[in-house]
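Next up: some structures, all given as structure tokens.
Consider the two complexes below, in which chain A is the common component and chain B and chain C are the respective partners.
On to the complex of A and B.
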């Protein structure tokens, strides 16, 4: 087999302790878009995370009924706090609670970090190509924030491009922060809006397709590390096109989700 | 560290309409069929596709089936509930495939060494480890049909392992064979902190869970 995903993890590493549930405290909430809210959490025994990982959130009702969901971490490892950005699903069970009910000072149970493949670390060689659909931007934002914290020389060694597909400009999560990253350019930020566009819109106005990927991505010979996160339809088509364009499947890491309720 | 669950202020939940005893702890029912994979979807050609059961080491005997040979084996059509570690469960999913018992019997007859564990290997490089006891006794299949049609590539087609009583990452997509081993060797997600067995009823999601 000439394709492989991931390298074998060193077997001699000591087994980490069990991931325990902890009660985190909500430090602040930010309404990012009409449907997405960021919760910044103070987690008492946070072991640290890598950009791209997620946490499990558990809600327990008075009578013991419980619901769990996974949410990507939006904060960089060095931020100290753990920021989760949650998209509200009207027919969801956990996301409406996190978006409507939870307030600063409240506690919420979490355990993590979880996941070790969809992660970027500054030591990974090569340009960084991030492709997001909708709330799929969240784990990629942790990567952008980690990259932004590096010194200028380290940043110059890892050029970054973000292609972000959202329905409308108002649905673009972290819009002001992305504008700051793009001007002066630390990161090439390319937006495509699939539904409404503002009158003076000069960016793309369609779903991500092959021509767009050819225009935005580095050639496969540059060996970019690619992270794709979003709804299944976007991830399937983007990953398939990238492989067809010659990118090695082992450098195309994907996380597929519908938003979770 | 929280021994007793923390009560979420003002949380009532949307009580599942699922029949009692059908939803493992921490899971919710979905009617969709979400797709979760770590990389691009491989697209295998049936002309060159094969399924192999082998022992540890290159010198070990192995047993190999082409696509047509696999299709010629007795088919079963299990209807099962599936449970993903990302919290969704889906009830009454309908599959078509060949029992792993059938394949292991033939492999044993061909001299493939016995062992207490298997590692499933796949196109794209994915692996997952399972105790032999979890893929024998009518509990596991190599599935190539879903809901009356060929299994779509994004769901693991042309063939995936189906081990519905364990979390669904054990039901390896794009499976190409099993290696029979004397000892448990962690697979792809298991090396990244997921549980070696993954029983949803005991909520064995991550390494160290009971």
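On to the complex of A and C.
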């Protein structure tokens, strides 16, 4: 609110917004893989987000029992809507509802955006190295989408590489979009499949290891900004190797998914 | 389920931390009272359980922050935080 004092207009400092629960409406659902689904949400009072942030989702049963989980935002800040990609965990309390039950037009309680640590801004200088395991691709996709929306000069200033580990090719979330980013190459996309591979597979076929990280990452002297997201075991082994390879731990940002659900 | 899979980051506690602080503190720098190491709150190790959240120091494993929700109260133990620097 502006207050006029004499001839000067003084902007009073806005009160910091509280993080409130609100009911978002499901606008669309997309089945990304057999186990992952994207929910696009219209959140009425959405202040905007940064690539890498997450929201909390809360389900309340009729008897008052509550279950709450965090889900990363997949959409770029400029997309307007909030897209969450949720992996269905069979023994989960929340993800089966989000993946099987929720339909366009339904409401769901969310609060966010949350987080200021695992966040990429285009102004961060240096190459961008993204390493994902499974549904850990989701917050990294927000970064890739933000990067893809920048103009050619800005994109050229921030080269991007993605190393993405999935069980099988069918488990690769956003596969078609990643193929478009890779050809013509805006982003170096490197896939490794840990279980089944197609007959003509030319990518890696093993878990992410030191040799793979040495081949894919920039030398530490290039000071890449690194974001690692996935299961806790993958994230910790990748971060340990990168630091051993000479990368400054403060530039290796991690988000452990652990078992959510 | 392996124990290590229960370990998350301070990022994951961002929502409940926003109930305590007026702004995001996952990017804030916290100094561990146990060993004096300074690092981002988002890089602490989070151990969640039914009643709340424990954030531990990745260097010395000391408890830095405990948040427990019980009986309609949010109870916070900040004794493991020596110092907190919040970027503006």
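By definition in this document, the second predicted complex is superposed on the first by the 245 of 261 C-alpha atoms of A that agree within 3 Å, B and C clash if a C-alpha of one lies under 4 Å from a C-alpha of the other, contacts with A are read in each partner's own complex, and residues count from 1 in each chain.
In the analysis below, a residue touches a chain if its C-beta (ideal position, glycine included) is under 8 Å from a C-beta of that chain, and two chains touch if they have at least 3 such contacts.
Keep in mind that what you see is a predicted model, and the values were worked out from it rather than measured.
Enquirer: According to the stated criteria, A:67 is in contact with first (chain B), second (chain C), both, or neither; which is it?
Expert: first
Enquirer: Touch check for A:45: first (chain B), second (chain C), both, or neither?
Expert: first
Enquirer: Output check: A:256 vs chain B and chain C. Expected answer is one of first, second, both, neither. What do you get?
Expert: both
Enquirer: Please determine whether it is chain B or chain C that touches the greater number of chain A residues.
Expert: B
Enquirer: Between chain B and chain C, whom does A:115 touch in the aligned arrangement: first, second, both, or neither?
Expert: Both chain B and chain C are touched by A:115.
Enquirer: Applying the touch criterion given at the start, work out whether A:230 contacts chain B, chain C, both or neither, answering first, second, both or neither.
Expert: Neither partner.
Enquirer: Name the contact category of A:97: first (chain B only), second (chain C only), both, or neither.
Expert: A:97 contacts chain B only, not chain C.
Enquirer: Can you pull the chain A residues that chain B and chain C both touch?
Expert: 16, 19, 56, 68, 70, 114-118, 232, 236, 253-258
Enquirer: Under the definition above, what is the set of chain A residues touching chain B in their complex?
Expert: For this pair, the touching residues of chain A are 1, 3-6, 8-9, 11, 15-23, 45, 56, 58-62, 64-70, 93, 97, 101, 106-109, 114-118, 232, 235-236, 239-240, 242-243, 249-250, 252-258, 260-261.
Enquirer: Could you please specify the touching residues of chain A with respect to chain C in the complex?
Expert: Residues in contact with chain C: 16, 19, 54, 56, 68, 70, 111-112, 114-119, 231-233, 236, 253-259.
Enquirer: Residue numbers of chain B touching chain A in their complex, please.
Expert: Those in contact with chain A are residues 1-2, 5-15, 25-28, 32, 34-42, 86-87, 121, 123-126, 154, 188-189, 191-193, 205-209.
Enquirer: In the complex formed with chain A, which residues of chain C make contact?
Expert: Touch list, chain C to chain A: 1-2, 4-12, 14-15, 18-19, 22-27, 40-43.
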